[in-house]
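Structures incoming, each one as structure tokens.
Here chain A shows up in two complexes: once beside chain B, once beside chain C.
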Partner chain A sequence: MIFVPVYLVFVPILAAMIIFLFQKPKMAYLALVAQGVVTVLAVWYFLTFRDDYSQTFFTFGGWNNLIGIGFRNDAISISFLFLSIFIWWMVLIYTFNAKKDTRNFLFFLLFLEGVFFGLIQTNDLFNMFVFIELTTILVSILVAYEKAGDSFRAAIYYLLLNTAGVLAFLLGIILLYYSFGNININQITTMIASSDLSETTTVRFAYVLLMSGIAVKSAMFPLFTWLPRAHAVAKSGVSALLSGIVVKGGLYLFIRISLMFAAAPYDTSMFFFAIGATTAIVGVMFAMTQKDIKQILAYHTVSQIGIMMMGLSSTDSLTFSGGLLHLYNHALFKSLLFLGAGIIVNVYKTKNIKYIRGVFRAMPLLSILMIVGMLSISGSPLFNGFISKSVIKYGLTDAQYWLLQIVNLGTATSFLKMSQIFFGPRTLSYPLVRKREYLPVALLAVACLTMGVLHVPIADFVLDVDLAKFKPISLQYVFEYGLMLGAGFLLYKYVIDKDYKPVQWIRNFRISFETANYMFLLYFTVMIGVFVVYPML
Partner chain B sequence: MVKQALLLVLLGGIFAVFYLVTEDLSELYNNFGKTYFQLNGLLETGSRNLVTAIYLDYRLFDSFFEAGILLVAVAGIIWISKHDLNEKNAQFMLDRYKTPDLFITFSRIVYPMMLVFGFYVIINGHLSPGGGFQGGAIVATAILILYYIDHDRETNIKQIVTIEKLVFFLIVLVASLSLLTRGEFFTNFMPLDSSVASKAIYLVILNILIGFKVALGLWTIFTAFLREGR
Partner chain C sequence: MNPLLTFIVVLIGFYGLATSKNIIKSVFSVTIIESGIILLFLNLGNFEGGGIPIVGESLTNIVDPLPQALMITTIVIGSTVTALALMLSIKVFHHYGTVEWAEVLGRKDGE
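Let's look at the complex of A and B:
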């Protein structure tokens, strides 16, 4: 029973290899079987341990837990686990095709799933590094899967920039091992709480190294440049997976490392709030100006990550769980939007929203589902995005509150712009859409609504926080949302739609790989200044 | 010019802080891990080479995924390098008229030695420096030299990839045998109190399998690259 995490890691990986070895298209069904097994195991595991997560710790080989590799689960990792299983189901159903030879794709997809489960559950820093490295390689292969020039460039960009970040992470681990004598996360947490080791320059420097590595992985400002490239050129299913859950792997590391250093006297919340707010505003600025439907969604991932960071950087536990909740909600509605956009792009053969018109008349059901996703992401009452944004807002000061409102305004504007695709006359008579692709989109829309209305029992069940004071709907909220939409419409009509020079400039602004590396060094130096040099003065 | 100057300033600053960090390293040093391995490494794992003790026993779970990185990289390179797996008999770009005869002759002498050295490093991984990963790389290099000796070699990549995956299965299987014998995941299947010599059986088996897997993986990678360069 206690070894279920091991099966969770190896079942998808072994299934991936069997699918790869047997060259029958029918073997693709094995992927569904493996996914079913994983789901059953995870539910069983959760029901057994939900009362007492402290029993979940075990060490491979039964060695001393400071020497061997340990696995451990808690409320956060279990909820991440279920979220990733759900998103993987959706992507698997969406891309499933037993007639074509998809075994290469399934191999990478399922391998990534096993590795991601390992990343979530591990309690060992070096093991974490190995999983991050493997995730990086797998994601760059998945991005390059289409084998077009764009996707190659994006994949190499992603691979190189993330490898630089991962190396910084490794250096940090080495310094921590040097000063703590082990790399068990639990043990380091207690050692930081009980000694003043965390005030030495070495450990501060290690913290900076770890955090700057994570900043690349989780696409914080100014290191988010790989994200829109990679997520916009990948296949739609892969984009949904990357934006929905894999990029959250970086934020998961952020949560883990922050909790590890929770007892250290570092003043982190100001710095990371500022980073989060900048990421959100810059991301939404880029998103407003884009014309490519997948680019818009990818830049929104950046801005939503900023909002999550606003919540996660807080030391207040309610705001923190708001950030966590927003992370889960974002996974749901962003995968919904990416999968829906994938269907639209397939039918219309273009990604430019200027040339896509009349979607509502051609595909009414899909349009309704997409509108659910748009309402969720822009924070409409009754939908899930609204709840998590309200929880985050609740813990903010006035100035911070208005920063978040600016981001919301930008989100509303760019989705008003995107909603133009629904209007207009029907241009396609009979769009060829496979019914199988509708199923995950519909399920995700249902999940968005459920999380929006039943947030109180769900948050209580999974994260053990009480959200009873956040109502899903009231007259005031509807009025505020309407006001936001009105302002967004004005902004869209009189600024974005006119396509002024600055708008064009932002749209065509690309950051080269060289500049991205300068940014990385700059970010690193700023972090050194804040966390190492400033406390010494 | 401004960029270069900025780069110099940034790197200089980072280096200065790094220098500050090294100042108090000697006071900070926590040698818990080092002393643990020195005292218990040989008795607990049966390996004189403590590196092998760590990667084949204490932290075997990491080694799977280190091998997994190679596995995934091989599959990725083959997929991306566009050639169909079924394409047999790769013709290589190695041009026999451009390769000096001296080099070919020496390759013939060196090839068996490299192969034997590679196997030596793999099999003695638990006694002397080396092990599956390093020995596998040496064996793969020896196979690469083979292409210089015999230009018209046929390589069936598909077979190699299949065998590589099967060997990965075997590694996981051998490592999980301990679940049956000792009730623990991923460690030596011999009981903890058995002799050093009997524990070495497991180490040798696993080293050979890992060496095999690494050699096959590297072989596939450079075959794919040779085809690409054609």
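Let's look at the complex of A and C:
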């Protein structure tokens, strides 16, 4: 049963095709069956091989692994696998409707799942390109699925910008093949460690190309402009999926390529920390000024990606696992917020938070669940965001620590602004809400709390790191969080709410498509300066 | 053909993306980048007088078969992207009446 990784890719894709072929609404149940099969297979695989994944590395067709295509797993990919299975379950339950004809939607949803599992498990750089390009195509179809003008323009913006990035990634792969003679990730890792090939200009150039492609896919500054457009106009379930897990595909590539070049003498941590910090601060600045509830959440995804980059760029293993943990936590609370916001938008028929009032009176349970998500994202003690931010903070210098605090202040401010929707009189008598939509939101809230309180055993089990020194709550933490909320409230009351000219200017600031591509070239040039030209001087 | 020439084709594509103000031209630019990359990779695996890498022919002095296998896949994916992008630009034209980036992106949400 060494082929389980392959089944994980093909079960969702086959189910998607069968659902599409048989034009019966009842066929939608097959999606749940396929998802169940995937879950059972993944759990079984994990329990069988968890001590040593290396026995499951394999190459298709028994070819020599220098030329063959293979799959491999390790602790990081398995944790990604379970996270994505969980988020896909939530989105599937949220969007499931056996009475309506949703087979087109289910087709793309399940196809994306299979492709994403392939991306996680592949051990071959070219297959990585194929899978990342397929996710780009499928995501742009899912974004356009609403069939409104907004969604079509967001989809084409997303498709073309990301394809340009992915093609840069492909160019990097070609240069690596030219230098190393193969595209197997394991092989290249050992070759980099055992030779000084990585100091040649070609390999440095290839590294720059790979990383600039990844920067587009994972929405780093200044290339994040596609993310708020695409994530804000998609269906709520799709937004949760995109912000929760699909955008992490780019970060997963970042982790993989960083590990591949781990032995190379590149000085990456400073540069990527700077990029991460800028992404976080710029993202949160935009988020504070927005009025559209889904735009706010989308810009917060950008800023949280910056925080993850702050952790992932570090060479220290504890800070690195902090970044990884923040990635998992973000997937949980951002999906929760997007799904909850989707219910609210459905009921109130508007996305503008100025016109949404009295949610607490109308939907108390949903409000409590949303508040759990907001507390998690703003880093309140007892919730999961707090733990991962503390782990990242632990490895930072003083100046870096204050950068992170600025981001936290912005996050608190913007969620204080968003929490205004809970106050006010009840405007709707009996909102029509489907019970089925509540279930995933509630499960995600429980997961947020669990990750916040039981972080020590979970981190030990999944990532094999000891987090015992990070306590979920103490008087000092509560005091600090209270101080943060107070400062955030002042900032909200006296700057954001007054709607000064600069605030309006930031809110309406949009980057055109040409400028976004120009930024891409600029980013690429800066990276060449840092990683190719500077070491030669 | 010199690999540097194909690299220039890639750069022309990126220049097109950074300057063209029309959605269709942007789609073309992406296609040009892709063609440049395909030509570059085929060039790197090729040499003057190399034989065809097919089992049954003489297997001495053949060109590297891997780039050809990989680039077939890239061509397939590239045609998919082009088709999808053109379909989306038709839809954008139906909704906004234009394929100029500035006009399409300049409209307010919900129009």
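Operating definition for what follows: the second predicted complex is superposed on the first by the 537 of 537 C-alpha atoms of A that agree within 3 Å, B and C clash if a C-alpha of one lies under 4 Å from a C-alpha of the other, contacts with A are read in each partner's own complex, and residues count from 1 in each chain.
Keep this in mind: a residue touches a chain if its C-beta (ideal position, glycine included) is under 8 Å from a C-beta of that chain, and two chains touch if they have at least 3 such contacts.
Only a predicted model underlies this, so the values are computations on that prediction, with no experimental measurement involved.
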Inset, instruction - Would you check which partner chain A:Ile174 touches, where first means chain B only, second means chain C only, and both and neither mean what they say? - result: second
Inset, instruction - Pick one for A:Asn73: touches chain B only (first), chain C only (second), both, or neither. - result: neither
Inset, instruction - Classify the contacts of A:Asn64 with the two partner chains as first (chain B alone), second (chain C alone), both, or neither. - result: first
Inset, instruction - Could you tell me if A:Tyr157 is touching chain B, chain C, both of them or neither one (first, second, both, neither)? - result: second
Inset, instruction - Would you check which partner chain A:Val130 touches, where first means chain B only, second means chain C only, and both and neither mean what they say? - result: both
Inset, instruction - Could you look at A:Phe513 and tell me whether it touches chain B, chain C, both or neither (first, second, both, neither)? - result: second
Inset, instruction - Applying the touch criterion given at the start, work out whether A:Leu521 contacts chain B, chain C, both or neither, answering first, second, both or neither. - result: both
Legend entry - Partner contacting more residues of chain A (chain B vs chain C): B
Inset, instruction - Tell me which partner A:Ala144 touches in the superposition: chain B (first), chain C (second), both or neither. - result: both
Inset, instruction - In the overlay, answer first, second, both or neither for which of chain B and chain C A:Ser335 touches. - result: neither
Legend entry - chain C-contacting residues of chain A that also contact chain B: 67, 126, 130, 133-134, 137, 140-141, 144, 147, 152, 177-178, 518, 521
Legend entry - Interfacial residue positions of chain B with respect to chain A in the complex: 3, 6-7, 10-11, 13-14, 17-18, 20-21, 23-25, 28-33, 36-37, 44, 57-62, 65-66, 68-69, 72-73, 75-76, 79-80, 82, 162, 165-166, 168-169, 172, 178-179, 182-188
Legend entry - List of chain C residues in touch with chain A within their complex: 10, 14, 17-21, 23, 26-27, 30, 33-34, 37, 40-41, 44, 66-67, 70, 73-74, 77, 80-81, 84-85, 88-89, 91-92, 95-96, 101-102, 104-105, 107, 109-111
Legend entry - Parts of chain A lying in touch with chain C, wherever the complex brings them together: 67, 126, 130, 133-134, 136-137, 140-141, 144, 147-150, 152-153, 155-157, 159-160, 163-164, 167, 170-171, 174, 177-178, 233, 292, 510, 512-514, 517-518, 520-521
Legend entry - chain B-touching residues of chain A, taken from the complex the two chains share: 3, 6, 10, 13-14, 17, 20-21, 60-64, 66-69, 104, 107-108, 111, 115, 118, 126-127, 130-131, 133-134, 137-138, 140-141, 144-145, 147, 152, 175, 177-182, 197, 200-202, 205, 518, 521-522, 524-525, 528, 532-533
